[in-house]
Amino acid sequence: MQITAEQIAALVNGTVDGDPSVQITHPAKIEEAGPGSITFLADPAYEHHLYGNQATAVLVSRAFTPKQTLAASLIRVDDVRAAVTSLLVAFQETEASRTKRATSAQAVVHESAQIGENVRIGKFSVVEAGAEIGDDTVILDQVYIGPGVKIGARCVLYPGTRVLRDCIIGNDCTFHSNVVIGSDGFGFAPQSDGTYKKVPQVGNVLIEDHVEIGACTVIDRATMGSTLIREGVKLDNLIQIGHNVEVDINTVIAAQAGIAGSAKIGKSVRIGGQVGIAGHLTIADGISLQAKSGVGGHLREEGQALMGAPALPYRDFQRSYVVFKQLPEVYRELARLKKEVEALKEK
Amino acid sequence: MQITAEQIAALVNGTVDGDPSVQITHPAKIEEAGPGSITFLADPAYEHHLYGNQATAVLVSRAFTPKQTLAASLIRVDDVRAAVTSLLVAFQETEASRTKRATSAQAVVHESAQIGENVRIGKFSVVEAGAEIGDDTVILDQVYIGPGVKIGARCVLYPGTRVLRDCIIGNDCTFHSNVVIGSDGFGFAPQSDGTYKKVPQVGNVLIEDHVEIGACTVIDRATMGSTLIREGVKLDNLIQIGHNVEVDINTVIAAQAGIAGSAKIGKSVRIGGQVGIAGHLTIADGISLQAKSGVGGHLREEGQALMGAPALPYRDFQRSYVVFKQLPEVYRELARLKKEVEALKEK
Amino acid sequence: MQITAEQIAALVNGTVDGDPSVQITHPAKIEEAGPGSITFLADPAYEHHLYGNQATAVLVSRAFTPKQTLAASLIRVDDVRAAVTSLLVAFQETEASRTKRATSAQAVVHESAQIGENVRIGKFSVVEAGAEIGDDTVILDQVYIGPGVKIGARCVLYPGTRVLRDCIIGNDCTFHSNVVIGSDGFGFAPQSDGTYKKVPQVGNVLIEDHVEIGACTVIDRATMGSTLIREGVKLDNLIQIGHNVEVDINTVIAAQAGIAGSAKIGKSVRIGGQVGIAGHLTIADGISLQAKSGVGGHLREEGQALMGAPALPYRDFQRSYVVFKQLPEVYRELARLKKEVEALKEK
């Protein structure tokens, strides 16, 4: 891709300070920006990098005054971070954008499936009986869409995604490679002889609009009813979502976290990496769980931050952990005091 | 699916109390049961939901007496939970049950592979040289069966499953999407220059009958010999089983747990989510490990429950954690006592 | 495979003590070695197994003197462990070694892709536009190689691997089944209405030579620039590597560990299973992190060992944990002392 500073300025609603005709080929971080790149200065702590690199253009705030002369053209904008996102959108070329909108000759689409307008179905992908695919959705290669699955418009399913029978996906969702939606929930009834009998999982997974799901994340279908992922939820990679879980709008979950069956996660909750939440719990809106926290009880107070396994209020955990580090000293101190008290008693 | 209350009663060995001819289309949880649904009352705490919903039929115990008039037909049974499982079996329609038993025209099966009777081999699936597939086994789409693999009868392999060279699978096993069986164990010999040299992994994975394995779970092949998963073991999603591990009968492991190489897990062990067990350890029969526990030493006492990382006996961990929460206070208290003792000493 | 003791001795630079013509069919662990097997004695603690098993040959050190008569032929070598690795190499027959070096009739390779000499591209695999595959590389079945991807020589990609757009892989790399390289980093900008806006991820993943990556491990592409895995790194299964992470040479990471975005991991670091490292941190060379550790701050002191979440120096954690187990007693002791001091004060 080749674009001028002037064209970028138009994209991000900015003004050029310097040569507007310089050619930009790629965006770069400020520490690594070389010739042909456009970089950005959002955090003043990084300003010194500007004077050492060879960026061709830099996104800066309207008020920015360089401390040294800069060869780069400056593009001044109101909100640098927002402009960076717009800029990256312009430079983005994904598998989806590079792919022809048509059913590949190597795909197998069941005759009863309903495929919208301008849809891609990639090589070695399968769309089973009764499935529906909305307009402008891109199903890349080697994807499985099970019988009765419904997928909305403008979704992107990366190679290796599996969406199993009867699951329902909204609009504008993105699923990364090897995601599994609708695997059976982990339900087994213990028998008197020590074996387990499978409880059939006859529900589905229901995912609303604007949900993004990271690579190798698994969402189990409900035993009955639906496992529910509401609008705007963002899930990172390698996450486990158990059967009948509900995750409410705009909640964000980091990699390798796990939510056990029937837990109800509120709105705008932030869950750190490797967090575990036990089954049948309610987590209130706006809660924030630090990475590696373990939650074994309901969290009903909205907006609180927690840490630890089992999780405690963030500051309480930190204060206790400070003492945990000193426990050997506490122990010695206690033993010493004991002796002193004994001595005093004998006086 | 459409079925009458009377037909369901016959399935679950129950008697109908109310209209036996009502039509049922789906099972539902008691909180969500609407018209056309059959629900169940197994836990008295949920009884109030019965009077607020529109279920068409309800599975109840023989002795149940409703506190209010119910429009729903009651189906009385000896054991409600067992009846629910039978009911769900009746309503279950999986990819496997909806699939034609034949080799798909888009599958590639090596001429030396031996395929049993009534087998499905799905689209874009591969069965390599010398592999054997037992009767009534369903291999769904995009599955890989490596050279020399043996799979028993009545198994179901969901889309994206990989079973690598020479692994042996029993009868009645279910593997969910993107499971990997027989990846190389993590064996590298440190060299004097700081690099690592791969130790070839020439063993296999041996899985006995009635084993179910969740989506994206990985079981590594043995360095030599077999990684061994015995009869009736149930593994949830995203689990790691290292090389030469042995998991004995009827053990159940929750999502995201990891068992390092050569560990031996006993019979009927229950392992919670995100638990980690170090290599070469022995875990006795009937042990129960709470979610997120970390085990770094042998656990030889059968039937005990543990928690924490490193894991302690469950009650001991709980008692210590109660004090952990109070550590800042303990610390202050100790400092205050110290001063008081100093004052006493100076008297 | 069938090979004589004499032929094995030649392979491992050893001498045969006993019948050099015995036929060996497979390697076995000393506890399990039966007729036809070759086993090894590296650790004297296992010597008693030698007198109870039916191994046909045994690798032993030059100086070894059996305590009882042995029917097995002994193969004496300088370094038993190194000889075992050589032996296993001889017995190893992987999917790659059993596969024809050619493009399968069921693969789809874009006309603009450049394929080296003696390359395998397996069934239902895809190589997209502009991709380059080096000599002697084996791409097994159902693999996805995205547009613009470059892969070096002598690599092996197991079934189900996905390498997404523009990622660059060195020589002699092995990726196990269902690995994902180059999924989008988890970058979302919070908006004032509580929703999140995706930050496009326009960078790639750059993997150097001799890297091995375990099944279902995910490495996200950089927002800008490259997520970087340097030469000789070994990653186990189900690991998460976030965007813009750098992992330096010869670092080894065990299963289910997670490294958050922009963390910089040094050379020869050893990271245990289920470890979590927060974003933007620096971990110095040679550091060793025990399984399940959580790292929330920079670790700048080279070569140290740590444990716990949050991680502490290994011995400090162990010492504190010893007291943690005794906390209920500490608490009671403190209460008792308090009373005694009160009593003393009143005297």
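So that you can tell them apart, the chains are marked A, B and C in the order they are listed, and the count of residues begins at 1 in each.
Assume contacts are C-beta pairs under 8 Å (C-beta built on N, C-alpha and C of every residue); 3 or more make two chains touch, one makes a residue touch a chain.
Small disclaimer: the values here were computed from a predicted structure and weren't measured.
S.K.: If you fit chain A onto chain C using only Cα atoms, how far does it have to rotate, to the nearest 5°?
M.R.: 120
S.K.: Have a look at where chain A meets chain B and say same if over half of the interface residue numbers show up on both copies, different if under half do.
M.R.: Mostly different residues: under half of the interface numbers shared.
S.K.: Hey, how far is the Cα centre of chain A from the one of chain B, in Å?
M.R.: 25
S.K.: Which chain A residues reach two or more other chains?
M.R.: Where chain A meets two or more other chains at a single residue, that happens at 124, 142, 160, 178, 216, 238, 256, 274, 309, 324, 326, 330, 334, 337, 341, 344.
S.K.: What does chain A use to touch chain B in their complex?
M.R.: 108, 124, 126, 128-129, 142, 144, 146-147, 160, 162, 164-165, 178, 180, 183-184, 186, 188-189, 194-202, 216, 218, 220, 223-225, 238, 240, 242, 244, 256, 258, 260, 274, 276, 278, 294, 296, 309-310, 312, 316, 319-320, 322-324, 326, 330, 333-334, 337, 340-341, 344
S.K.: Which residues of chain C touch chain B in the complex?
M.R.: The contact residues of chain C facing chain B are 26-29, 32, 81-82, 84-85, 88-89, 91-95, 98, 106, 123-124, 140-142, 158-160, 174, 176-178, 210, 212, 214-216, 232, 234, 236-238, 249-250, 252, 254-256, 267-268, 273-274, 291-292, 309, 321, 324-328, 330-331, 334, 337-338, 341, 344-345.
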